[in-house]
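For clarity, chains are labelled A, B, C, D, E, F, G and H in written order, and residue numbers in each chain start from 1.
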Amino acid sequence: MELTVYLAGQIHDNWRDEIEQKAKEKNLPLKFVAPQTNHDRSDDIGEAILGEQPGKLYRDHAASDINNLRTQVLMQKSDIVIALFGDKYRQWNTAMDASAAITMNKPLIIIRPEALIHPLKELSNKANVTVETVDQAIAAIAYIFE
Amino acid sequence: MELTVYLAGQIHDNWRDEIEQKAKEKNLPLKFVAPQTNHDRSDDIGEAILGEQPGKLYRDHAASDINNLRTQVLMQKSDIVIALFGDKYRQWNTAMDASAAITMNKPLIIIRPEALIHPLKELSNKANVTVETVDQAIAAIAYIFE
Amino acid sequence: MELTVYLAGQIHDNWRDEIEQKAKEKNLPLKFVAPQTNHDRSDDIGEAILGEQPGKLYRDHAASDINNLRTQVLMQKSDIVIALFGDKYRQWNTAMDASAAITMNKPLIIIRPEALIHPLKELSNKANVTVETVDQAIAAIAYIFE
Amino acid sequence: MELTVYLAGQIHDNWRDEIEQKAKEKNLPLKFVAPQTNHDRSDDIGEAILGEQPGKLYRDHAASDINNLRTQVLMQKSDIVIALFGDKYRQWNTAMDASAAITMNKPLIIIRPEALIHPLKELSNKANVTVETVDQAIAAIAYIFE
Amino acid sequence: MELTVYLAGQIHDNWRDEIEQKAKEKNLPLKFVAPQTNHDRSDDIGEAILGEQPGKLYRDHAASDINNLRTQVLMQKSDIVIALFGDKYRQWNTAMDASAAITMNKPLIIIRPEALIHPLKELSNKANVTVETVDQAIAAIAYIFE
Amino acid sequence: MELTVYLAGQIHDNWRDEIEQKAKEKNLPLKFVAPQTNHDRSDDIGEAILGEQPGKLYRDHAASDINNLRTQVLMQKSDIVIALFGDKYRQWNTAMDASAAITMNKPLIIIRPEALIHPLKELSNKANVTVETVDQAIAAIAYIFE
Amino acid sequence: MELTVYLAGQIHDNWRDEIEQKAKEKNLPLKFVAPQTNHDRSDDIGEAILGEQPGKLYRDHAASDINNLRTQVLMQKSDIVIALFGDKYRQWNTAMDASAAITMNKPLIIIRPEALIHPLKELSNKANVTVETVDQAIAAIAYIFE
Amino acid sequence: MELTVYLAGQIHDNWRDEIEQKAKEKNLPLKFVAPQTNHDRSDDIGEAILGEQPGKLYRDHAASDINNLRTQVLMQKSDIVIALFGDKYRQWNTAMDASAAITMNKPLIIIRPEALIHPLKELSNKANVTVETVDQAIAAIAYIFE
């Protein structure tokens, strides 16, 4: 039984590589999908496909058309969602993906530092599991295969 | 036809009163519901009902149990959700409620200042309408009754 | 038992008034809702609420934000959808509303002239009933109350 | 991860071949399905299977029985729907398929010429992405695999 | 709490009047809805609304358009479905309505004579309750209000 | 693309073999599943597994437990349902399966002789296609692969 | 806004009266529904309606037909479910109702004594809130109306 | 056609091995998944992943986070659920899983000793089949492949 895991969340460090690496080390039968992690590419994709837009609002709207298409396709193909919140940035996309996962009955693991306990409390409360490290998230998924 | 509107979002100014007041002035047949807007009450409610908890994590978890119960009941009773994002705080609850509304096919209006165009672009893209002021949100709802 | 009927379709003649009038004559316990039937208002509503847009594409996009909000709210409140196609205009909104009604399991009556039998055949085939006149649509609904 | 793409829309030029060709050139792992693109076959299929019908209305109804069966089976198997509108014909089937896709939460890309911006504005507004060329649609899907 | 009960089933005796009468005697807060019980009216309704049809197949198809519209509207409004099978006729409509009720999670009571135990065994098995008399069905519903 | 077809309906002749044979001749990528077609086995299965029952009602109830388990598993795995009605027997199981398929949005083909047009009119009206022969049903499915 | 609350759980003391009394004292706009709380009536109801059964298994099966009909109707009408577990009896009905509520997205409050923390841990974990007393459950609901 | 079977229920004897062994002997194409059957591991898993907790309530809550994640993933992957109740322990997890399966339309087989007929009567009544032995459960599934 292979499971597909959607890795929602910040794109400012290499936590996705770390998860994939650790899953490989444990021989877990997991396939990972994710949003576009190249930040510039993600911001530019709207104009790259739809052409130049008349201002920042429209440029952002065009980019999110394409980014949301990607997320919807990949999340519908996934069995588990992991959402990682870092201590910088607002990361409303991450909260959006996490909440969508819950409402679609996709099992959800949240990773967040201790400092974010309070602002994330309601979302954490709805997730299946909330942890602080990538290792803990992998351990929770590994447990499914025991 | 009376509609129930859930007012998700920040609790640090009186925007909900303003919306209710303006709806009344326009004689719109709307009933408003909302999360607990007394911040201290919202943070304390877990321990108030469930008793003292062993630390901040557990205190927050207890509070969110009760807050999420409230939100789930009231959002299921609503016909429209308005989510307001201000320029302070992380407001992940607001993003969570907005995304849940979309996934449940509840029509959604986002109110956010111009400064938040970029970080909210994917969520905005999924909403029915994104505006900058309470007056615009009320105008969009008033249009339903024209 | 009062039923709410959504009147999708062209806004270029007074067929909605005719239906409401005939329902009243037959004392049918029906409440009618509909898209914005003032064409200019419908096209202008985006800029009226969201401000001037940078070109026609964006002006249309803004208008449809508000028009789709209206339709989603009202169609979710309805028990039956009537979709009328006239022989002018492309009326893709009407087809969109009719198809959404079918997919949401809302009972659907299509009214279309004989000349449109061929281009509407697949949509007609999915509707509960397809008729040619407003009187026939009203007769079909009246039958529910016999 | 292979994705299945349903190609809704006009059958009067070879745009589907073009899409399939371009997907192949980019080595995208896509499988394409579509409505019957032989127009005569599509119109005749009802009588071909169900026998001669008493007039055009019934002939069309019989054809749409079979065409709708085909569409329902194939669309339920698909992960993405592309709907192309050309500047001729009414193409209500295309609007019907596009709207059904949205209501079923199938990600939707609309391709339409600039001339159709206005009549398609509400449908476009509900799609994930609206573009003007086949290349843009392929680019949007290619982005999912980046 | 008032409940709406859809009375599916044969239209060849007055069992619906009997149920309504007995519910009234027991002061049960029930509202009853049903298919058209005038058999001729039910068979004629297609041509009455849609005009003369080219043969019996088409006449029946037209009638069922209107009858199914009625059933869909009324069953969606109901809280409980009672389906009565008599020992004459094939009553596939009744089986259709009963099975639709089960699949829609509408609570279902079947009334059938002892002679029909065997042919109805799979459908009975899926119903909430299967009884032999109208009095038993009313007793089962009365129990909800105890 | 392989499709799974559930063959609901009477078990008194070899129509299922005929369909499978003809699908093979046409090289259609179909897999067929069906209810238990050995009538005695189907009637005995309850007591065979659950032990002797205290009378015919209970014996039938036990058999339908097992038969309904089988049908639910197999129908959920299917992409298309074919329901064949013969001119003997009441075949309420067939009507039950056909109606369940419709309500679950499984595409449905009904096969029935001309003599059954009238009693099956409402169910036929809800099916995607109604035909008179096995060949026609196979032709309709073959069309999906054209 | 009046809410309907289903009171699942043990029927061996008067906790339902206590809840209703306390809700009244607080002027909460709540309507309460519940399973049959007369234990003998609940066990006898099958034979009372369906006649004498051939043994205890069948007697119990008949009773549960009627009890499950009641529960299904009332739970579908409810906005919130409270499930109380006492320290005697197995109360699998209570667990069944609580789990059904969760799966149907009905907000759920569990009341259980401290002694049951361990055996109820997975179910508690899925509930919105778990408390130890009737007063706490009422306090949680009262908070919705603040 | 391979089916995946979730084996809910007590973890105090080797009934799962027995089922897997018997399925193998009969060459049934079944894949089995299950909750964690090592009782200590199941109780410890929360602290093993999330760290030491401040007391038994929190320790149990942490464990159930991980156990419920596992169950949700595996049950969503399953085609059939078997739930076994033994005569010891309260086994509310088993009742929770069984009820969730029913509400999600997963076919359900209950295995329980004669002594549990009465306390399990409502849950049994909702299951597809209730049997007393592992052999009977396997026989019911084997029948699907006949």
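Basically, a contact is a pair of C-beta atoms (placed from the backbone, for glycine too) under 8 Å apart; a residue touches a chain by one contact, two chains touch by 3 or more.
Since the structure is predicted, the reported quantities are computational estimates derived from the model, not experimental observations.
**Q** Please report the smallest number of touch steps linking chain C to chain E.
**A** Each step joins two touching chains, and the minimum needed here is 1.
**Q** Given the two chain pairs A-D and F-G, which is bridged by the higher number of C-beta pairs in contact?
**A** A-D
**Q** Matching over half of the contact pairs by residue number, can you pick out the copy of the B-C interface from F-G, C-E or D-E?
**A** Looking at which residue pairs coincide with B-C, the repeat is C-E.
**Q** Based only on mean CA positions, could you tell me how far chain A sits from chain B in angstrom?
**A** 23
**Q** Roughly how far is chain A from chain H, going centre to centre by Cα mean, in whole Å?
**A** 31
**Q** Quick one: report the Å distance separating chain A from chain F, using the average Cα coordinate of each chain.
**A** Using C-alpha averages as centres, the distance is 44 Å.
**Q** Specify, in ascending order, the residues of chain D that touch 2 or more different other chains.
**A** Where chain D meets two or more other chains at a single residue, that happens at 65, 68.
**Q** All pairs of touching chains, please: list them by chain label.
**A** Pairs of chains that touch one another: A-B, A-C, A-D, A-H, B-C, B-G, B-H, C-D, C-E, D-E, D-F, E-F, E-G, F-G, F-H, G-H.
**Q** Note which residues of chain G are touching chain F in the complex, please.
**A** The contact residues of chain G facing chain F are 54-55, 58.
**Q** Contact residues on chain B for chain A in the complex?
**A** 56-57, 60-61, 63-65, 67-68, 71, 89-90, 92-93, 95-100, 102-104, 117-126
**Q** Sort out for me which residues of chain F touch chain H in the complex.
**A** Answer in residue numbers: 4, 31, 33, 36, 38, 41, 45, 48-50, 65-66, 68-70, 72-74, 76-77.
**Q** Help me check something: in the complex, which residues belonging to chain B touch chain C?
**A** 1, 3, 79-80, 105, 107, 109, 128-131, 136, 139-140, 143-144, 146
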